[in-house]
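Right, one structure below, let's go through it.
Chain lettering (A, B, C and D) follows the sequence in which the chains are written, and residue indices restart at 1 in each chain.
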Amino acid sequence: MAKQLETICITTGPVEVGDYVTLNIGPIHPAMHGTLRVITKTDGETIVSAKPEIGYLHRGVEKLGENLTYSQFLPITDRLNYCSAICNNVAYEMAVEKLLGLQVPPKAQLIRMIMMELARIADHQVCVGILGVDLGALTPFFYLIIQREEIYEIFEWHHGARLTNSMGAIGGVEADLPERFHEKWPKLRDTIRKANDETDKLLTHNRIWMDRTIGVNAFCADDALNWGFTGPMLRACGVKRDLRKEEPYLMYDEVNFEIPTGKHGDVFDRYMVRMLEMEESVKIIDQAYALYKELPEDAPLMKKVPKIIKPPEGQIYHAIESPNGELGFFIKSDGSDKPYRIKIRPPCYMVYQAFEDLVKGEMISDLIACLSSLNVIAGELDR
Amino acid sequence: MSLKDRVADILGKDLVALNEFRGDLCIEVPKGRIVQVLAKLKEEGGFDFLSDLFGVDNLDLYAKAAKKKKKSQEESEDTGETKGKESVQPRFEVIYLLLSLSTNERLQVMVRVPEDDLELPTVTGLWKAANWPEREVFDMFGIRFKGHPNLRRLLMWDEFQDHPLRKDYPLEGKGEERHLNYDIA
Amino acid sequence: MADWQIDLIKVVFIWVWALLIAVVMTWVERRASAMMQDRLGPNRAGPFGLLQPLADGIKLFTKEDIIPERARKILFILGPPLFALPAFSAYAVVPFGDKIVLGGKEIILQVSDVNIGFLYVLALGAIGVYGMVIGGWASNSKYSILGGLRATAQLISYEVPMGLALLTIVLLYGTFSLREIVLQQQGTFLGFLPNWGFFKQPLGFIIFMVAAYAEANRVPFDLPECESELVTGYHTEYGSMRLGLYLFGEYVNMGTLAAITVSLFFGGWGLPYVDMSRFLGPVSYGIASFFVFFLKQAFFLFLFVWVRWTVPRFRYDQLMGLGWKALIPLGLINLFITALLVQLTT
Amino acid sequence: MVRRPVVKKEYTLGERVYLVEIGKGLGLTWKHFVYNVKASFRKGPHTVPTCWQYPEDRREIAPIFRGAHMLQLNEKGQELCVGCGMCARACPAKCITVKRGKPAEGEEDKYAGKTMCASFEIDMLRCIFCGNCEKACPKNAIVLGQDYELAEYDPNLCIYDKKRLLANFHRAKAEGRLKPPRKPVPVDAPAPKKKTPSKATMTKKKGESGDSEKA
């Protein structure tokens, strides 16, 4: 349940008067992740108004979804949030399984949990690394990305692809945990923690970093809820809400982990929430791995699913906790083998529409810091 | 008491239809009363979080259903007049996904929008989160939202004429291209 | 060997030496940053990638030289040299060695021992700012103008603490000329400490170093050309060799500042406890003193690179805040205390 | 105007003075610097553990990697593909075109099945390497190999025809990078149903999906 923290809020920001330099931080810009564009009116360095403009990576995924069968749409889903493709795949698979009304065998659930938490760590690593790069600290990025390479190697040995995974199928997982995971994971969990500690030592208590991030576009909790924030953005504002705890899916209720929350919703809190979440994910993977070892060797991995999936008529909405927040799939089926309407609820869509409120009155450097701390991914944003 | 009854007694006569499928409750609400219903659900029902807002185009969904119903009716030799009124369903639907943060219940509120007056009152008053989704529904389906602060196209470029997510818009598109003119003067 | 010929040789030598340092510095920067970030860095062009700067130079030469639409042509062309030349000419006063006896004539290893010494260097630093600002303003792009604007504010406001720190040195040694200052720094002080400016003026050294990083646009202070906000700031619109001149000027500027730091605070060419002239011949002594000076300068150049890959970047107002609210008061207090001490002790 | 929470910055003395934390940071980068300099002097291409000299020192690729396609032959050297076109239907990007044909008179033994694929084209520019074709193929004929260097100078070469796919197979076979046969996935099949599903279950299923039509 959402526990509100009463924080004293003051209204800041310049009054929009007179004409200002319109600075077009365009779709092609080193600090714009993917094809995002912000048309800012600046008064010197402070930003008077910032209008985000999206649509540069709009590929009509939902129109495509209406013309592809259920199993053909799976590879399209990992082009949404390409930093953690496995979370999109599993979200879509679970939505279709909810439509079909079937339950995936426990071993497949555990494999899905382990792979999703690995993808979450990879996504947070990219986000924290890029946040460091945008504020000038280039070195932590490399320490984190090297660990991400190890995680990608596990993905490659499990289902054959590093980034565009299209993991598993509707009804379960197609391969057991690879040999590579059993031999690498004990060492990998320590190197992931070591990389996090090194980033922490380089950045967190460094006064330059703290000046650049503490208090920068802080956000009240009730504003965040009004704007529809979910995930690390909402938790940074102090609301303790995580879909894995509120609406447990897979086997998240048999695994205990904490939910890190910040206080003021500023860039520092978002950074800390992501760093602590990586720690929690490692704990989840350990517990899930222990549960996995108890299952028999030849436990079933897939549920019996017909080759051509024709779900009954009806419409469902299923949401999971992706690294950016609540990633939901709304599928309306009319009984044929193609979904009648697919709507994807991307978590960073709601966050990016509040960009003007987040950034107004701050400086250009804060706009860049804010954008990379939101972890807005154009593929998921424009669908 | 269950979600269904709670919603039923909150809305009373506003509830046109109610449908439970795989645990998801979807209620239909008349077009004119949508903002009042959502406000009531937000205050009394506790659904204080708008998770998403999007449109659905049911162009040929009812044609197929009507065809199937016509086929089954021929076999049972029923009188045909009920078929006439019921088959002309409004073409578009706008669905609001609500979430109650305290009890973690989800609710789908559906509004039917006929093709002749594509107009709906905006919900940005209740939730600021509805700002971009409403612009996207306008962009993709052409449903205008009265009172929206900045109703422009969201994903397509502004000079784009058509509404791509409609069922009658071809998948490959109609070959529109965006011409950017830079004023060199 | 007439006098002017010797001076000509010295000028050519120091010019080539400054270029060589800048070239090697590009290689050091790329390899050191690679090593700090668990990567390999360039190792294809030549052994350990030593020919990589040559490859970069050729690449910059062969690139097409673009002047953007409606840019002010003359100022656009004037920008880079105005930035690079002051950095080169600042080497004129650097005492890169003691003296060397060649063919019965004693040559002082310094291009010109001007008695206003590092005041000349400060003045050239101020001219260097013009190069950035004119380049930024002339290239008709909003990012460049913002870069130029930040460059003016940052460099002007960090000349003041640098000046204050150097004033304390003048108080200590009573002269501006770099050669006298280095000569006065030989020998020991308080028995065991080498008689360096660093030990006499630790606070002055810290202020000078921070101001030097700001002067050279190195990372905590690299706002005029940061790539994440302003798409490489004032030299966004520059292309081939003009961009090369800007980047080169930056490394030569770093070399000059490292040389000034060494000669003012770390005793120039002298080893701390060992007087090399006693047991080395006149020629070998000159070369040894030059070598010691270069080693110290190399350490400070490596420090520039080392800090660059460790520390994030300031924001514009924090940069100004640090300069005006922290360094200048500190510099004034430091100046006051040293003046008091010098008055009491002499 | 924007409502923002007021954030109080309280730093410890160590954090207030920049140099203490910067010193720790410098120490950390120095540790990495020394470790990597020592590593770069070691013999062998793969010195820094996390950095590969690409053309000389290639990374080990997983046997089930989804790379460039190939048409497989069985042990007797017969083509497995029967030209059924299942892969073309399963492909989300619709980049496979298959034309079925009868084997010519003299070459019956060159093909495993009665029919064969006269032409088999994959447009590699459209392919998204999802592996649906491999899953859909009944004869395990089309398979994604471990080859990831697909750059070409001429776009027409990016349309792989049958000859090229067979060449891929022979190259993979020569380098011993053949795809291991797919392990059967243990499926949690429900209790074996009776011969013909009884009327009751049929109507119940229809009934249950029927009421959803009422909306």
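Convention: a contact is a pair of C-beta atoms (placed from the backbone, for glycine too) under 8 Å apart; a residue touches a chain by one contact, two chains touch by 3 or more.
The model shown is predicted, which means the values in this text are computed figures rather than measured ones.
Chains making contact with subunit A as well as with subunit C: D. Counting hops only between chains that touch, subunit A reaches subunit B in a minimum of 1.
Averaging Cα atoms per chain gives one point for each, and the point farthest from that of subunit B is the centre of C. More C-beta pairs touch across the A-D interface than across any other pair of chains. Between the CA-based centres of subunit B and subunit C the separation comes to 66 Å, rounded to the whole angstrom.
Centre to centre, using the average C-alpha position, subunit C and subunit D are separated by 53 Å.
Chain geometry summary: the mean Cα position of subunit A and that of subunit D are 23 Å apart.
The distance from the centre of subunit B to the centre of subunit D, with each centre set as the mean of the Cα atoms, comes to 38 Å.
For subunit D, residues that reach two or more other chains under the stated contact definition are 22, 25, 28-29, 50, 212-213.
For subunit A, the set of residues touching two or more other chains reads 139, 146, 202, 206, 208, 211, 314.
Shown for subunit C are the residues that touch two or more other chains, namely 36-39, 309-311.
Residues 19, 22, 25-26, 28-30, 32-33, 36-37, 40, 47-48, 50-51, 53 of subunit D touch subunit C in their complex.
Contact residues on subunit A toward subunit B in their complex (touch as defined above): 1-2, 54-55, 58, 60, 62-64, 66-67, 98-99, 101, 225-228, 241, 246-247, 314-317, 319, 326, 328, 330, 332, 334, 340-341, 343, 345, 349-350, 353-354, 382-383. Note for the complex: subunit B touches subunit A at residues 21-24, 26, 48-52, 54, 56-57, 61, 64, 95, 97, 101-102, 104, 106, 108, 127-129, 131-132, 153-157, 164-165, 167, 169, 171.
In the complex of the two chains, the subunit C residues touching subunit D come out as 32, 34-40, 43, 206, 306-307, 309-311. The touching residues of subunit C, counted against subunit A in their complex, run 33, 36-39, 142, 146, 219-220, 222-223, 226-229, 231, 309-318.
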